[in-house]
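Next come two complexes, and both contain chain A; in the first it sits with chain B, in the second with chain C.
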Partner chain A sequence: MSSATRATDWRFATVAAIAPETPRAATLTLDVPGWRGHRAGQHLDVRLTADDGYRAQRSYSIASAPEDEKPQITVQELEDGEVSPWFVQVAREGDRFEVRGPFGGWFVWDAAQTEPLFLVAGGSGIVPLMSMLRHRRNQGSAVPVRLLLSVREPDDVFYARELETIGAEVVITYTRRPPAGWDGYARRVDRDMLQEVALLGGRAYVCGPTTFVESVADLLIELGQAPADIRTERFGGG
Partner chain B sequence: MSTRGFHRRRATADHGRLPPGQYLEGGFPVLSAGPTPRTPLSEWTFSITGEVDGERSWTWEEFQALPRETPTVDIHCVTSWSKFDTTWEGVSVDTLLEDVEPLGGYVTAFCDGGYTTNLPVEDVTGGKAWVVFGYDGEPLEPEHGGPARLLVPHLYFWKSAKWVRGLRFMEYDEPGFWETLGYHDRGDPWLEQRYQGD
Partner chain C sequence: MDHLDGNAAAGELSEVFTREATAARATCAGCGTSGPVAEAMVYEAGMGTVLRCPACEAVLLRLAHLGDEVVMEMRGVRVIRWRSGPG
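Let's turn to the complex of A and B:
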C-alpha cells in the first residue's frame, strides 16, 4: 500500500504517543502508514467512527516539523465539541482512527523562502505556525522571525518550553489573566501593539478565531503590509 | 472499524440533508486565504466578460435595480460544516445572462483580493447560482463576502466566491485559487469531492 498511497486515501492512524499540552489540549503523535511528510502549515483530515457506524470528520493543522517522521496534531477541546473531546479526554496510545492528507497549499511556509516572517496566533492558532517555526529551526534558516501569541491566560500557551529555544522572538499577550508579576502585554492585539511588534514587509501568517484574524489582518494592512503578503487561516465550527 | 470510546454527541435529525462527512453548524464560520478586501460601492462593478457575444457591466446602483430573488438554501463547507436554511438576497446568474450568450463551456468567477474559482457553465445556470448582496435580511457583511458574493449552494462553499466582481466565460476549464492548491475541480459535496483525486 505504501508506495501507492495518495494524500486523499483514508488509512488508519495509530496513536503512537499522547501528551497533555495544556489542561484542555493534547498533542498526539501518529503512526500513519504511507505518510510521506507535509509542508509546514498544512492540515490533515480525521474521521472517527462510533460503534453504531456514525462518523464524524474534522480538519486539524499539523504541529510537527516536515522533517519529523511521524505527524503530530494538537487538539484543543471545544465546549460542546463532538470530536475534539475524544482527542483530549479519551484517546490513549494504541487507539486507531482514520486520517488522510496532508492538504492545503496556501497557508504554508518553506525554509527556501527568504523574506522576514511575522507569525500571529490567537490561542490554538499557533499549531500550524509551530510547524513553520520547527521547520525553520531544523533547516537552520536565518530568516528573521517573530511570533506574536495572544492567549487568555498562561494555561493556554501551547509548546511553552519549546518556544523558549525555538530561535524566534516570541511576544505573548495575555488578554484575561497574565501571570503574576507580568510586565508585558496584557490586552487584545491592537494597532499600537502591532506597530511595536510586527515585522512588516515580509510574509505574515495569521491564524486563530475569525474575529481575531479579521482584526489583525486589517490592522496589518493599515500599518502598510501588502494584502497579498498576509496569509490567513481561520478557525470556525467545532 | 470503530474508534474506541467515540460516540455521537449531536442530534442529526435531518440525516438525509447532510452530505457525507459533514456536520451541522449553528454559527457561520468564515474561511478565507487572506485579509478581507473592502471596495467602496462607488467603485464596485460586476462584469460578464470573456467568451460571450457581448460583454456586460453593472455599477452597484444598476445591479441593485435588477430583479431580485431570495433563495433559502443549505450550504456545505469543505472544512466539513454545513448550515441549513440560510437565506440570501441577490440576482440569479440566469438574470445576468438574459441578454448574453456564453460561448465557452466554463466560467471563472473573479474577485477583489485576486481570488478566483472555476465552474462549468451548467453549474451556474438553470436556477442554480446567484450573485447575492444580502444575508438573513441584512446587507452581506464583508467577512462573509460583502458587498457581493457568488452563491452556488449545490457545490462546496469555496465555489461561492466572496467579494465577486464578475464572471469570465472561457472555452477551457482553468483551475482557480483553491483548485490550483489541491482542492477538487468541481467540489460536489454529495460525492465528497473535497480534494484533487477524490
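Let's turn to the complex of A and C:
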C-alpha cells in the first residue's frame, strides 16, 4: 500500500503470530500494510465480516511498544462475545481481517513525560498500560511507576513473566480466587487499598470495565489526585 | 447498555475531524461543563455513535453512517478546543 495510507483507511491485517496469553486470552502480532507506529495507549479498530455480509466492529488496545515494528493486540475471550472468541479460539497465522488506526490522543503516554506514573488496570485493562510500560523500559525512562492490577484469579494475569522484569512496582489484587498461600490483596480495589498503593500527584491512567474505572477515578479524586491528572479508558463487551 | 467513553469513538471521529478529537476539549451547550472528548460517555447503537456529557448526560454529538453519507449533529457542543500544533 502507498505511503499515503491514513489511520482512518480500513485495510487487511494479516496475523503474523498468535500466542496464548492466558487460558482465555491470546496475543496476536499483526502485519498491517502502511503501519507507521503508534503512541503508547492507542488502540485499533477491528472489523470482521461474516459470509452473509454481517459486520461487527470492535476497538482493541495495542499491547506492544511504539518501538516494536509490528503491532500486537491481546484479546480476552468474552462469554457470548461476537468477536473476541474468534481471535482467541479460531484465528490462526495467516488469517486476515480489517483494521484501521491507530487512534487516540488522550489516553496516551510518552516517555518525554516526567511525572510519576500510577497505572490501574481491571483485568484486560492492562493492555494499553503494558504498551506504556514497554515504552518506558525501551526508552530508559526513570519516571517512577507503579501498577495496580485487579484480576479475579491468577489465570487472568496477562504478561505475568514480563511484568516481573518490566521495571515497575507491580501490586496485584485477586478479587475471586487468590493463589495458594497469597498474603497480598484479595478484594476489589477500595479506598484503603488506593491510600496504601497510589502514587498521587503525578499522572494516573485507569483502564478497565466502566464501573471499575469510575469507582477508581472517584476514589483517586477523594484521595487528592487532581481530576485533570487522571486519564481513563473504559471498555465494554464483545 | 453500559456506556464506554470517548476513546472508543476515536476512529469514528477521526473520519470527520482532521485533528485528533479525543484530546480536544468540548463544552456542553446544556450545562457548560468542559472536558476532554475522551471523557464523554459513548453509546454505540445501531444508528451510530452518540456522545453524552459526563456531567449532565445531555447529547453532545451524534455520528451516523446513513447510506452513502456520514452524518454528524453536534448542537449539544457549544465550543470545541484543540491544542495548536501537530496532532
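Everything that follows uses one rule, which is that the second predicted complex is superposed on the first by the 236 of 238 C-alpha atoms of A that agree within 3 Å, B and C clash if a C-alpha of one lies under 4 Å from a C-alpha of the other, contacts with A are read in each partner's own complex, and residues count from 1 in each chain.
To be clear about the criterion, a residue touches a chain if its C-beta (ideal position, glycine included) is under 8 Å from a C-beta of that chain, and two chains touch if they have at least 3 such contacts.
Everything numeric here is computed off the predicted structure, so don't read it as measured data.
Q: Between chain B (first) and chain C (second), which does A:L48 come into contact with in this model arrangement: first, second, both, or neither?
A: After superposition on chain A, A:L48 lies in contact with chain B alone.
Q: Of the partners chain B and chain C, which touch A:E82 in the superposed model: first, second, both, neither?
A: first
Q: Kindly classify A:A56 by the partners it touches after superposition: chain B alone (first), chain C alone (second), both, or neither?
A: first
Q: Going by the touch definition up top, name the partner, chain B or chain C, that contacts more of chain A.
A: So, of the two partners, B touches more residues of chain A.
Q: Considering only the touch criterion stated at the top, classify A:I221 as touching first (chain B), second (chain C), both, or neither.
A: first
Q: Applying the touch criterion given at the start, work out whether A:V90 contacts chain B, chain C, both or neither, answering first, second, both or neither.
A: Touch status of A:V90: first partner only.
Q: May I ask you to decide whether A:F103 touches chain B, chain C, both, or neither, giving the answer as first, second, both or neither?
A: Both partners, chain B and chain C.
Q: After the superposition on A, what does A:R234 contact: first (chain B), second (chain C), both or neither?
A: After superposing on A, A:R234 lies in contact with both chain B and chain C.
Q: Under the stated touch criterion, which partner chain does A:T210 make contact with: chain B (first), chain C (second), both, or neither?
A: A:T210 contacts both chain B and chain C.
Q: Residues on chain A in contact with chain B in one complex and with chain C in the other?
A: Shared contact residues on chain A (touching chain B in one complex, chain C in the other): 7-8, 45, 59, 103-107, 210, 231-232, 234-237.
Q: Spell out the residues on chain B that touch chain A in their complex, using ranges where they run on.
A: Interface residues on chain B, with respect to chain A: 1-10, 12, 21-23, 25, 27-37, 77, 79-81, 113-114, 143, 177-178, 180-182, 194-198.
Q: Write out the stretch or stretches of chain A touching chain B in their complex.
A: 6-8, 12, 45, 47-59, 81-82, 85-86, 90-91, 95-97, 103-107, 210, 214, 217-218, 220-221, 227-228, 230-232, 234-238
Q: List the residues on chain A that touch chain C in their complex, please.
A: 7-8, 43, 45, 59, 100-101, 103-107, 209-211, 231-237
Q: Which chain C residues qualify as touching chain A in the complex?
A: Contacts found on chain C: 2-8, 10-11, 14-15, 20-23, 36-39, 87.
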